[in-house]
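In the two assemblies presented below, chain A is common to both, partnered first by chain B and then by chain C.
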Partner chain A sequence: MKTATLNRLTPYIFMAPAALIMIIALLYPLGYMIYGSFRAWDPSQTLSETEFVGLKNYISLLNDPNFHESLAVTLKFAFVVVSIEMVLGVGLALLLDRNIRGMSILRTLFILPMMIAPVVVGLMWRYMYHPTVGTFNRFLKSIGLDGVDWLGQHALMSVIIADIWQWTPFIFILSLAALQSLPSSALEASRIDGATGWQQIWHIKLPLMMPVLIVTCLLRLIDAFKVLEVILVMTEGGPGLSTEILALRISRTATEFRELGTAAAMSNYLLILLMLLTASMFAYTKFQEARAARLAAHAKEDD
Partner chain B sequence: MPEIVFDKVEKSFGSVKVLPPIDLTLADGEFTVLVGPSGCGKSTTLRILAGLESLSGGEIYFDGTPISRLEPKERDIAMVFQDYALYPHMNIAQNMSFALRLAKAPKAEIDEKVQRVGKMLGIAHLLNRKPAELSGGQRQRVAMGRALVRDAGTFLFDEPLSNLDAKLRGKMRTELAEMRDSIDKNMVYVTHDQVEAMTLGDRIVVMKDGIIQQQGTPEELFKSPVNQFVAGFIGSPPMNFLEGELIEEKGKLWIRGEGFLVPIAKDAQSRLQDASDRKVIAGIRPSSFTTDPTIGAPIDLQVIVSEYLGALSVLATKCGENEVLVEVPSASPIPSGAAHTFGINTEDLMIFDRASGVRL
Partner chain C sequence: MHKLLGYLTSTAAGLAMLAGSAFAGPYDEYEGTTLVVNFPAHPHFNAVMKILPEFTKETGIEVEVDQLPYLKMRERQTLELAQDEGDYDLIAYVVFSKADYVYADQLENLAKYFMNPKLADPSYDAGDLIDGYVYNIGFAGGEKGYLQGKTGSLFGIPYGSETSILGYRKDIFEKHGLNVPETYEELLETACKIPELEPGMGGLSSRAASGHHASHAFLLHLAPLGGRVFDDQWNPIVNNEAGVEAANALKKIVECGPEGAASFGFGEALGSFLNGDTAMFLDTTVVAGQIDDPKKSKVVGKVGWALHPEGTRRGSQTGGFGIGIPANAEHKEAAFLLMQWLTSKQGDKLVAMAGGNPSRFSTHQDEDVNEKFPHMATFGEALKHADPDWRPIIPVWGKINADLGTTLSKVLTEDLDVQEALDGVAERTRTVMDEAGYYTWQ
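Take a look at the complex of A and B:
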């Protein structure tokens, strides 16, 4: 082989092992799932024994009221938790972005929930929500009020509260980092210009934090669509289908109903949803970069 | 436009004392320059005046009213920052009008002011751009414009030209000087560049280690510095300092050092007669030398390098082991490497106490 050809191939040869591992680790399971979603697939069969059914799994899902319900619960859960977490997280960050003694301890305390394993969080809240011995109802009874059926009638609200408790810190910590990297002189200039604390937040801080906030929000949405353990431990999707989010429905379809093909098709629907969100996040980042480059080019012209 | 009085103003950051108590009066309508090397407390003084930094003791008065507890916006000030501090997400017009919009000024008035100041600074065609789309010099003008539309009583400048290249800095300095004459406001300007201080200031306050060394007009500081620090800081090229001793010979006072013996000028004789310590430092400005040794007192110098600057040349020379800068007209060239006898105008000679640096 000629040296030039060899030189050209060298980078690819070096990358090949890594690429191979990527393909095996990522693409093979993905392909397996996509392939399986087009087949009537029972867990007792190997995939090659199964029958090809075309789009049947996908189409029957579109007509399945339980799937609709599960999708609705997932969307409701994701948008409600992320909206509230954004408001609380950003609000806390704005509140705690100051150098007072003890603030660093407070900040550390605030991010503790995020460090706890989801299964533990689920168990913790399940006990606190317990109708008779749970913390909340015992407190309500001690002040003479009736107990609340936390994990029954209000199950969705209860899991939403637990998720907010666990994930607000994530938004808090990223917002705080964004706040602390804002140009301090612009903030000082706004004080000289006469901005009050609120006006500073509204006109300077929030607009400047926006790129970070948008990415944070998308990351949290992606995560919220995939939530499983906390809800599995707390309610197992019940009562009825009231907290059966998509990830839970997928796992039940595969294990309880033994319909692997349908579960795979459902996973692919979720995958499409998540890919859309991820794509919009990357598109936004690209847009920001392109914008910065365009502005800088403009500045050069005039220099 | 208030008269601004600093009354024993102090500032400490933790246990570090940045400003010992300072007293300072900024007269109404004056352009005051605070100048000194970095870390001398000039920026802290300005930031305390702006209200961006709290003071640890003392009080500031605007026309007799204490203001140290007031928020920056209540002090009727506008400020230009070293890094311009523009709002990156607003366009130029929005940047310049932010304060007026917060103050709920009528829209027509805001537009008129932004247009007028924009034209004055030559940035009217950039009003729709974002700060990131501007060059350094343009951003500097916007920062200036943002302060000017404010119509405040006092304008503060925190090293506004230090991020510009030399050519642009010179140009902006000239424009600032023009602006100073057309705007009758209090202006307080912080810089570490003595040329800026000399060209812009009605009055210059020289600071070092938080202490005010001297204040006065540019001419006063140049002609009668109170100590060695001010003498060395003001003037370019800087003053030469040579260690020496006062001696009495032939009924006159002389200063003698390594490689020179120069008589003290007549009017300084009686003043220096009583100097308790005879160990002193002689200060001679580069411009106090002549190439003709018959004028003034002669001094032998070894020319090392000659820097041609157009009409003038600066010679780096040696007097014994000490380096001495000499400024001479380029018309009478002295070759590098040659020894030459120069004349010193003894009237210009300044004598400082060697231990304290105080001018004698």
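Take a look at the complex of A and C:
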């Protein structure tokens, strides 16, 4: 082999083992799940012992009202929590992006909730929502109001509140980092031009933060679609199926119903949904970047 | 001379070996063996941990315990039992697992061990083991496939089993001159009278949360009210008159129960009773220890115990744990010896005195046990009515149970019509059973 060719191939040869391990580690479990979704798979069997059932698991899910309900609950939960968390997290970041004494302590305090294990968060909120000994109802009763059936009639709202409490800091910390890395020249220029604080936020800060915000939003959405422990501990999906999100249904299908094939098919539906979501958000980012580039080009032409 | 000496020496050695084998203890062969057992984190098995050193002292067999939270234990066993060679020599399992494990050929049939004279202790007295528990958690292959019967075999022995019992506040009952309910009619009447007599206090504390909890609470009432989930041909009959009556009983109990009762799991239901917010508690016997523990309970010394009330028949629940030997265990015979020791009269009394749930009638009547735990005699009486068939133990039960539990939760929280709700459950159950092949012979 010629030296030049060898030189060209050397990096690939060195990278090959690591790349191979990465591919196997990434693709094998995925392939395992996809393969399993086409089989009648009981946990006591090895995958090779199972019977091939084609698309049966996927089709039966399309006709399963419980799956539809879980999907609806998941969509409602994910979009509501992420919307509120984005508004609160970005708002807090804009509010606290200044040099005030003790700000570093305040920031650390804000991010504490997301450091707590989800199971602990679930237990904590479950007992705060307790109808008789819980903090909220005791407070309501102390001011002469009736207690609220938090985990009964208002279960979905209650788990949404717990999620917002835990994950708003995630949006806050990434938004704050994005804000602090904005080019000061743009902000100074706008200040010189007489822009108000609100105009700066709306026309300078938010557009410049947008790529980070989109990725942050995407990460939170993916996470919200897969949330399990907090809801499992707080409501176990109830009452009825009112808080049974898809991850919980998948877990139940696999462990309680012992239908691993159906659980795998359900996971694949969730995977497809998340892939579509990711693709559309990246497409939106590209569109925004192209728009910004066009605007910049127009501005240059105008100059 | 040398020859004679040699002859005498070898004869003496031979005699010594013979004598040794004739007087060898049942445990000698297994001395030094280390058994790995898998137990749940559960009050009974916490008591078991206290008595295991006694077993090692007596037998020379070491025991290493992998104690896991129940759900984790189930997950771990699913993986372990599917291997060619498993890590566990003895496992604790819940009754639902019995169907799965036996069906997958993962548990040892215990006949060959009880037939082995070197292993089986003639004084074991299997007749003293609580019938309902043994049929519920130990047998498979008999009636309905999961109970005792002429075609049945023993795959496990109850250990840490539970039945249902009625706990009531003696002080509240005395204060208002209430009688302890003996029938379902009296139970429901008393449950709804208490909130009127003691404002802010619930009548009866019950689990009712969506899924397993609501289903469990419903089935607790279904058996004594004369119902079953299936008839003998596997037709769902959960929606018949007894089923509707059981669901209405649960609804009434929740309505007259403590605040927020519809979302109570087992923990909240028990917590409400321990906290003094409810006057009655109808559930598993395993709670007795906590009710008498001043660190956990505000009602120590105020609770009386009575049998699960009678409907058209007596029928208290059977549940909890059993122990069995995995088919892929490494030390099966030594594991059997441990199993036999733990469930023997001696072992059962030891674990009861350490705060565990006994599995024998004699332990419930034992003087020492009753002196330490005065409720034990009532529990023993309740066990005479333990119903091994109060809920079906079939592989597809998980799915049916979840549907039943979520539907009943809707009945309790969304005011869904009881008959309509149970008709839906019966219809969906039929589909599940059909897919699982239960109507192949119809």
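Points to keep in mind about this one:
Please note the rule applied: the second predicted complex is superposed on the first by the 259 of 303 C-alpha atoms of A that agree within 3 Å, B and C clash if a C-alpha of one lies under 4 Å from a C-alpha of the other, contacts with A are read in each partner's own complex, and residues count from 1 in each chain.
As a working rule, a contact is a pair of C-beta atoms (placed from the backbone, for glycine too) under 8 Å apart; a residue touches a chain by one contact, two chains touch by 3 or more.
From a predicted model like this one, the values you see are computed outputs, not experimental measurements.
In the superposed model, A:73 lies in contact with neither chain B nor chain C.
In the superposed model, more residues of chain A are touched by C than by the other of chain B and chain C. Applying the stated contact rule after C-alpha superposition, one finds that A:204 touches chain B and leaves chain C untouched.
When the two structures are aligned on the shared chain, A:183 is found in touch with chain B, with no touch to chain C. Touch criterion met: A:257 reaches chain C, while chain B stays clear of it. Judged by the touch definition given at the top, the superposed model places A:193 against chain B, while chain C stays out of reach. Shared-chain residue A:162: touches no atom of chain B or chain C. Shared-chain residue A:131: touches chain C; no touch with chain B.
In the superposition on chain A, contact of A:235 is made with chain C only, not with chain B. Of the residues of chain A, not a single one touches chain B in one of the two structures and chain C in the other. Across the complex, chain A meets chain B through its residues 183, 185-186, 188-195, 199, 203-204, 207-208, 210, 292, 295-296, 298-300, 302-303. If you check the complex, the residues on chain A that touch chain C are 42-46, 66, 130-133, 137, 147, 149-153, 155, 235-242, 244, 252, 255-259. Contact residues on chain B toward chain A in their complex (touch as defined above): 50-52, 71-73, 77-79, 81-89, 98-99, 102-103, 129-130, 132-136, 138, 146, 150. Interface of chain C with chain A (complex): residues 71, 74-75, 78, 81-82, 100-101, 103-104, 106, 209-214, 258-263, 265, 268, 271-272, 275, 277, 395-396, 398-399, 401-403, 406-407, 409-410, 412-414.
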